[in-house]
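Down below is the structure, laid out as structure tokens.
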Amino acid sequence: MTTARLEAFSDGVIAVAITLLVLNIGVPSFAETKHHGLAHALWRNWPVYAAFLTSFLTIGIIWINHHVAIRRLREPDHAILFLNLLLLMSIAVLPFSTSLMATYLKQSQGQHLAAAIYSGALLVMALCFAALNRHMLLVKPHRLREELSLERRRQIFYRSFTGVIPYAIATALAVVSPYVTVAICSALAVFYAFPIGSGGSDPAG
Amino acid sequence: MTTARLEAFSDGVIAVAITLLVLNIGVPSFAETKHHGLAHALWRNWPVYAAFLTSFLTIGIIWINHHVAIRRLREPDHAILFLNLLLLMSIAVLPFSTSLMATYLKQSQGQHLAAAIYSGALLVMALCFAALNRHMLLVKPHRLREELSLERRRQIFYRSFTGVIPYAIATALAVVSPYVTVAICSALAVFYAFPIGSGGSDPAG
Amino acid sequence: MTTARLEAFSDGVIAVAITLLVLNIGVPSFAETKHHGLAHALWRNWPVYAAFLTSFLTIGIIWINHHVAIRRLREPDHAILFLNLLLLMSIAVLPFSTSLMATYLKQSQGQHLAAAIYSGALLVMALCFAALNRHMLLVKPHRLREELSLERRRQIFYRSFTGVIPYAIATALAVVSPYVTVAICSALAVFYAFPIGSGGSDPAG
Amino acid sequence: MTTARLEAFSDGVIAVAITLLVLNIGVPSFAETKHHGLAHALWRNWPVYAAFLTSFLTIGIIWINHHVAIRRLREPDHAILFLNLLLLMSIAVLPFSTSLMATYLKQSQGQHLAAAIYSGALLVMALCFAALNRHMLLVKPHRLREELSLERRRQIFYRSFTGVIPYAIATALAVVSPYVTVAICSALAVFYAFPIGSGGSDPAG
């Protein structure tokens, strides 16, 4: 197994998952637009657009980080293939959790749980990415393309692990307010995606 | 991050988005064909086919232009990754805006707004592409593969920027007639796609 | 534009289109299985499976032929990009025409038209492929990777053009019987796909 | 035809199929959550999540095995392209069989058949993979990249063939209990995916 094909397959899954997000943006039915018009029906759907933007940027960032991480690798072993598959699974599930959150964010019933699942799915994704990095940097460092000092490898791993913390906080805060949870996830996406936060999105520093 | 993987991921997203357009072409239900037959039910759906053709050609053209633009690059920086992600997002959204326009084009209620959103999404896509080109050509020219004179770089940027103008006009004209808006978008797709308009679709000249 | 990226993008579109075919295979609803059970509900759906098999094999064959054709090319010009985009569009539309045919094949109303559209879509695909081959082999032979005699180029083009004929016959026969039309399309898929028909599926001879 | 493009296309189909699995995870409707809440509605859907996890891991494993097998090849012939196309078809069908199983697993009517079809589809996939391996290793060994002894080639083939047996048993046991069938498929996915079962998932030994 070469890293080239590992990257190609991962790129494929991530590209499909990020593009499938659009299927969550439904066209309002004629029944929905009958009384208040199309503009109102679209406007009422704002959680759908917010969810699309947040998830699209987040998957885009994880794609960049994934590439930076895999490039360090000379050759994957079975554990890396497995951890990478778990990471891809956590990404492939995002169109579902995004749709769930967008559907229930404004409902009095289920809004806390839906926001917790949305943020929780991103937390799992961040954990999978940290586990992949940990295995590559600390468990099997002899498979890296270049030799890195233990200190440097630890530093890269801790930096990728710190990405877990804000999602854990966001998930916990779903008990208080689903809007706060989603706002944190959106803010993280914008912070990491915008060039100003580029240091944070590049775990290689 | 290499331009090769940037291209591969962008190709993936664009290929999925262009192929997902077909999901908008629904098979008529038996209820729809009961009274006037299948031919009539299909015929009534003409905005769906027109929308499919226009969006497919338009995404195909942006794919060609994207490739020409990225090939000029030696190595992307974070701002280019971010601007490219915005461009991909504006492309990934097109199956939705295409479906919205096709659904509401013939409705008395919402047809102006739906056409404006359709054309407006293409306008945003053209703006993202121009912003990507501007950054590559005018802000970070030292990352280009070959050295180009300032005059040449400005010329390429302005040419890609002029692609914005017809979409801005088409969007504005949605107030007058949604059909005019869509007709302009279709005409642009055909003009740029057909070999006769190839000069225009190749911002590298 | 390199042939490598032309192939990569074409591969992407074809891979998505061939895999989207599965979305046409619906899971029977509980209402459908209530009276006669799941086995009966699945059995009644046989046109859906026949359509899936036929379209999957046909797209698989066109993918092989497309690769053989593009490999002959040194570098695409704008006309080739355009003709290739038309070919990809004719492939991307197949999940729709497949679903249409499968839905209406057993209906007394619309079955002839649905079969004609199914076969007609494959005819258009074969015509697009022949047009691409014609341009590459007869209009711009200086862009081929290796020099081929006019006789050889004509032979390859005519061989790819003969693929059009059976689809034209199948489409015309939809007036007589939709089952005959679909049976011809299925037979062609099996004939070209099975190793025994490999001479026919490889226009490079 | 090069193995590189065979791999690229296969990667594309497998990546789309594995990601389409998420479309089976539906968001509960407001009607479903009205009386017992969202948590209950999600919980009742557990077969959907179990099916997603099992199919995702299984497709991930077949992707790894496919890559290992194709890498042995110097150049594919038409029979390999055909057998590979059959394998891809058996993978592309899994989002359907997965959804069928998840929908009917808890229904008194159809649960045995749905589980048999789910396991049977995986059996067909394992058979297609064994047939591809047989052709490459035993029928056309001169197309392999490296020369391998007959004994070694037989050993690799038999190892890949033994993957068929547990799926045959699982399919047969659907007569007794659909839960046992699905549990076997899930256990196989976990066994092969986890690093501890890596010997089994790597037919190259």
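The chains carry the letters A, B, C and D, assigned in the order they are written, with residues numbered from 1 in each.
Simple rule for what comes next: a contact is a pair of C-beta atoms (placed from the backbone, for glycine too) under 8 Å apart; a residue touches a chain by one contact, two chains touch by 3 or more.
Please read all numbers here as calculations on a predicted model, not as lab measurements.
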item: Same or different contact residues where chain D meets its copy chain C, judged by the half mark; value: different
item: Most widely separated chain from chain B, with each centre as the mean of CA atoms; value: D
item: Rounded Å distance, chain A centre to chain C centre (Cα mean); value: 37
item: Chain centre separation in whole Å, for chain B relative to chain A (CA means); value: 26
item: Of all residues in chain B, the ones touching two or more other chains; value: 8, 12, 15-16, 20, 23
item: Chain C residues touching chain B - in the complex, by the definition given at the top; value: 1, 5, 8-9, 12-13, 15-17, 20, 23, 78-79, 81-82, 85, 88-89, 92-93, 95-96, 99-100, 103-104, 107, 109-110, 113-114
item: Partner chain B, residues of chain A touching it in the complex; value: 7-8, 11-12, 14-16, 18-23, 25, 27, 30, 33-34, 37-39, 42, 52-53, 56-57, 60, 63-64, 67-68, 193-195, 198, 201-202
